[in-house]
Amino acid sequence: MTLVLSALILWAAAWWLNVRLANGPTAHTPATKLLVPVIFGLTLLIMWELIVRGLNVPLVILPAPSLIAARFAQSLPILWADFVQTFVKGALSGYAIGCAAAFVTAILIDRSDFLRRGLMPVGSFVAALPIVGTAPILVMWYGFDWQSKAAVVVVMVFFPMLVNITAGLQETTQMQRDQMQTWAATYWQGLWKLRLPAAMPFVFNGLKISSTLALIGAIVAEFFGSPIVGMGFRISTSVGQLALDMVWAEIVVAAIAGSVFYGVVALIERWVTFWHPSQRR
Amino acid sequence: HSDNSVKLQLQWVTQAQFAGYYVALEKGYYEEEGLDVTILPGGPDIAPPQVLAGGGADAMLNWMPSALAAREKGLPVVNIAQPFKSSGLMLTCWKDTGITGPQDFKGKTIGVWFFGNEYPFLSWMSQEGIPTDGGDDGVTVLKQGFNVDPLIQRQADCISTMTYNEYGQVLDAGVSPDELVTFKYEDMGVATLEDGIYVLEENLADPMFKEKMVKFVRASMKGWKYAESHPDEAAEIVLEYDETGAQSEAHQKRMMGEIAKLTAGSDGSLDEADYQRTVDTLLAGGSDPVISKAPEGAWTHEITDEALK
Amino acid sequence: MRSVVPVLAVVAVILAIWYLACLPMNIHTALTNAERAGVAVQPEGAAERRDRSGIGLALTNPGQWADTWAQDKPRLPAPHQVLAELWDTTAMKKVTSKRSLVFHGWITLSATLLGFAIGTGMGIVLAIGIVHSRAMDMSVMPWAIASQTIPILAIAPMIIVVLNSVGVQGLLPKAIISAYLSFFPVVVGMVKGLRSPDAMQFDLLRTYNASRGQTFAKLRLPASVPYLFASLKVGIAASLVGAIVGELPTGAVRGLGARLLTGSYYGQTIQIWSALFATAVLAAVLVALIAGAERMTLKRMGLGR
Amino acid sequence: MSQATVIEAKNLDLTFQTNDGAVQALSGVTLDIAAGDFVSFIGPSGCGKTTFLRCIAALEQPTGGTLTVNGMTPEEARKARAYGYVFQAAGLYPWRTIAGNIRLPLEIMGFSRAEQAERVKNVLELVDLAGFGGKFPWQLSGGMQQRASIARALSFDADILLMDEPFGALDEIVRDHLNEELLKLWARTGKTIGFVTHSIPEAVYLSTRIVVMSPRPGRITDVIESPLPKDRPLDIRDTPEFLEIAHRVREGLRAGHAYD
Amino acid sequence: MSQATVIEAKNLDLTFQTNDGAVQALSGVTLDIAAGDFVSFIGPSGCGKTTFLRCIAALEQPTGGTLTVNGMTPEEARKARAYGYVFQAAGLYPWRTIAGNIRLPLEIMGFSRAEQAERVKNVLELVDLAGFGGKFPWQLSGGMQQRASIARALSFDADILLMDEPFGALDEIVRDHLNEELLKLWARTGKTIGFVTHSIPEAVYLSTRIVVMSPRPGRITDVIESPLPKDRPLDIRDTPEFLEIAHRVREGLRAGHAYD
């Protein structure tokens, strides 16, 4: 009980500190912007540790963070192999293919209003097919290795990307398009010089959403059949073996990989859409 | 939540594999013992030991390798009854791949279930001296999904099947037995004990709980024996309890027929020789052992002795 | 309404492609079946055909085309097979029957709705906190993003077990998983919405000396309504996925998720596809309902032009 | 001009801290505004007109000097709801009707239901919008929206009316019309008005005093008292007196203007 | 006025089909514009000024009457790149530098690299923005942005310059300055200019002819020839001749104006 109580006290103290930091004079420095969420995350972790110990939660239900960290450190080669299989081979390739396909489709749709009005409703219907249903089908079609995982990722990211690119291409104002007209610009000139750059904030919005979807898709697809390597494989087998510390180590890898992926996309966004008001400061 | 309630966690979805319990429930055998039994179906993501540890169930069905592994992981589960005498696990291969015996597995692709069900296979392979990490000298292992597609689609040369379930599905897909080669673990001498009833060791210290389990095992075995002698009726009872509505009658009837063969030799009490063979097989498991030392106190005859008096 | 013709045209093209795709997808099985029945096919022997492309086989064996659209457990069921199964399991069965998709749909729907309500509520509360407290904004937002990179299917079973061990069972665990997926779009949308009024509008209220609560009620909240609805539409679809994911480890007993899974245990592809479509229809209906509520609300607020 | 001083600024400074250095928006601004004055602020973009108005309304905190409103600090005056503020854009809430928009400050200030209805009716008439109370903003033309926003600022009857380029977005004819109306209103109510504009004719036509400002740093370069009578028909703008003042304002402006 | 006719509109009609009925934006508009003319269009909001300009630039298709530009259809003239069009907002691309923005039409029209650089340099000087080529639009003030947008329209040296309220968003001083510059440019290049404005002084100051329009349906109510000399210092606006024309324009405007 004392451990649980100290967890609550810790929580209050950390929150007080964060409020001070966030409203203090240094609130806008990069260091504080990093520090505040880190303190928050650390607090959660320590509370988790204290509560798990305090309430004597069995290892096979929820391991303490310290155990997870130990397992993580011991299993680096396995985690790395799983990461390469799932993230690099499955998620990244699927992400690239899916985004590229969405791009080509968006341009096709853009050229034909008929296609746009026909495809978008059908597309949103198809996008509503849940991954737990499509994943087994795709595993059946594309085999057990990373190709089927990539296929699942393609299916998952395609539509969000398509919607965003299509919306982005509509983003120009009437005036900007008229301007192109007065210069007698061709369709491709207008696309290349005006509409694609203008669409970039939307495109990156789609890329960011898809970056989290991609990893989740690749992991979930491994639940439905895989070679004996991969994050999803490891998670599901480890649950069966009651190696919950390993499960959580993989989840940590997933969270880190996902966040870093998201962060990288956000960084590139900063760089490409430097001109957008949301990126200027 | 009355004191006479028992929650049983199954290993898999409702099917004839668990017919004995459903028959006991339907026929009122539990009721006769004064028990209020709830049967919780399992699924691909459910680890029965975890449910047991979390207090979600009083007893679970599990394969012995998985249960012993859990015991080593610090979850002291104890076998109190063993309704399944023999193993239904086998490897089913296409004959045209040229496989005639374990020595031919090298270089082939084999589908295996994981989630605790991979232990018998890994033990077997390490006894045969075949590495399981791919390459020309070893076998390439796939984590098999929930159906027999990998074999039918020829993504794997062999897959794991149960005599009572997947093997039937392969035949259902139109494959004739002549096209297949099968290796029963039982015949290979690497069989491990399957569906047994397990409870938490700490609970057994409680006489009330023990008494409840005695009644439970007694009624369950009565259910099993009834199911063995009335397979069609048992299958229909199972269908009644299947809430997904996905099972077919023909399939369940055939399954019940096969299950009856596995339970036939058991009165519910664990045969020590079978237990020893299971442990030996598991201990032989090479580089990645399922268990590292012979477990102690992993089973008890106290319940079955009392129940079968 | 102008979209009817294009949509029909696209659907027709998709159906045509679908039927064509059935040929290479199912031809292997069709040929094996034919061979067993004693019909001569090109080339002979299943092992022989194993590495041949489906398209090639389909071209050399036009006699077996019909069978690719009529198999029991095809790799790719033909559209009419899926439709027939859908019709069979919705219209032809009593809704209380365990074989009725309506029955399973209802089970899933109830978890979806409960989860959606929890997720939306949580999302709104979090968004209000984030907008009003810098500390919350700085500390919670990065973790909310990180939380969405965790594969839900991996932790769903653990959530179920943990909740189970504290005595929570039934609908609620599923709903919590579904809430986990739906709160995020709501947070993001609501934060955007609550911040959407420009500086001038806040200044205006300052000149009236309005309190924080008044600013919230009179300005932030109404301004966020369009954003809220946009995220509700995303959120309800996510809820549905969450409910289905949550059904897998609860014993896969009932619900569309259970249908998908059991269909997959037994290789019942037609059943999988029909459950898939039922899910998509359900999602479409839910989104349409919210869109309807959106139109009505915005109209009453004078925002629907 | 004989009345009491309402707004009193002494040596007001305001420096904004931005990412790339400090911007001195106001520097040594000293100005008294008497009750009933109509003071226009004119000057090139960035000279601090808006900033000065915002200081008066306590929307901005001066970094130096003193500023009192009715003898109080601007903050206290704001709490006492001494200001009606009209922004450049009408800024009506699209989800409220015109009447609802005008009712907004009244709700916030806790007027009774009956009082609210009464006041809304009165100000709607005042700005010639009787009958439009039930319409939504987007159903009205830009000029009507701007009138509604003035009505909103008038509804709670603050003594001081601060207007930041309220007619900037309107066309000349509508603007002329609203100028006339504003003058009438001012004559009738005797409010103290601070008015920012970019248009020389507008400033000259409306004001009793014209404050010419110049940027970098923002400061007052000239204060021109208008000898025009209180009663001003639109035609007054073609008279020599008018042109004379306009000329002075333009000269003052040009002197302080640096091309960028 | 002795030169060749460049733009010739005869009985132009344009009706928009909207959801709630047809809107007649132009009705029987007849006007000739000669080479080298500076024609201003003035009139209340919605009278069709923009629409008429857009018809000339082939951005809108008249529903009746005839319109020729340089003897061709507007469409052909557009393809021949006869127009420079300046919109009310600067409409620069935020992801291109000022020089990049000005280079844009040149890229599209396929000028060589060297030629592009040369022309960009020239027009930047012309609009007093030399040295700002490397800046991004959002780093410049509104007036500078508008100048850049004019530079962009000038860069490819079209004979006809169409400007739709180009200075609407600027303050009076900057506006005066740009007006002066525009006049100089016009004198130097002899381009034909069509110019939409809301400001009477601006129209009178700039134009050789002022076209007064009135709405519902949009039509020309008056065309006023300016007797002012081609050389116009800013002070000309205080002369009686100037005021006389301004008065005529105002009268013409008021006649056609109905309050809404």
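Every chain is named by a letter (A, B, C, D and E) in the order it is written, and numbering of its residues begins at 1.
By definition in this document, a contact is a pair of C-beta atoms (placed from the backbone, for glycine too) under 8 Å apart; a residue touches a chain by one contact, two chains touch by 3 or more.
Here is each chain with its UniProt name: A, C = ABC transporter permease subunit.
Since this is a predicted model, take the numbers as computed values, not measurements.
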item	value
Intersection of the contact lists for chain B and chain D	C
Shortest path length from chain D to chain E (each step joins two touching chains)	1
Pair sharing more residue contacts (C-beta pairs) when B-C is set against A-C	A-C
Taking each chain's C-alpha mean as its centre, the one farthest from chain E	B
Middle chain, criterion being Cα centroid separation	A
Euclidean distance of C-alpha centroids - chain A vs chain E, Å	49
Averaged-CA centre spacing for the pair chain B and chain A, given as whole angstrom	38
Rounded Å distance, chain B centre to chain E centre (Cα mean)	85
Whole-Å gap separating chain C and chain D, where each centre is the average of the chain's CA atoms	54
Shared interface positions of chain C, touching two or more other chains	75, 153, 157-158, 161-162, 165, 248, 261, 264
Multi-chain contact sites of chain B, meaning residues that touch two or more partners	44-45, 47, 50, 53-54, 145-146, 149, 153
Inter-chain touch pairs (all)	A-B, A-C, A-E, B-C, C-D, D-E
Chain C to chain A touching residues, read off their complex	2-3, 5-11, 14, 25, 75-76, 133-135, 137-143, 145-146, 148-155, 157-158, 161-162, 165, 237, 240-241, 244-245, 248, 257, 260-261, 264, 269, 272-273, 275-277, 279-280, 283-284, 287
In the complex with chain C, residue positions of chain A that touch it	15, 18-19, 21-23, 27, 32-33, 36-37, 39-41, 44, 61-62, 114-119, 121-122, 124-126, 128-134, 136-137, 140-141, 212, 215-216, 219-220, 223-224, 231-232, 235-236, 239, 244, 247, 250-251, 254-255, 257-259, 261-262
Residues of chain B touching chain A in the complex	44-45, 47, 49-50, 53-54, 66, 69-70, 73-75, 114-118, 132-133, 140-146, 149-150, 153, 155
Chain E partner contacts - residues on chain D that touch it in the complex	44-46, 141-144, 171-174, 177, 198-200, 238, 243, 247, 253-254, 257, 259-260
Complex contact set, residues of chain A against chain E	173, 175-176, 178-185, 189, 193-194, 197-198, 200, 273-277, 280
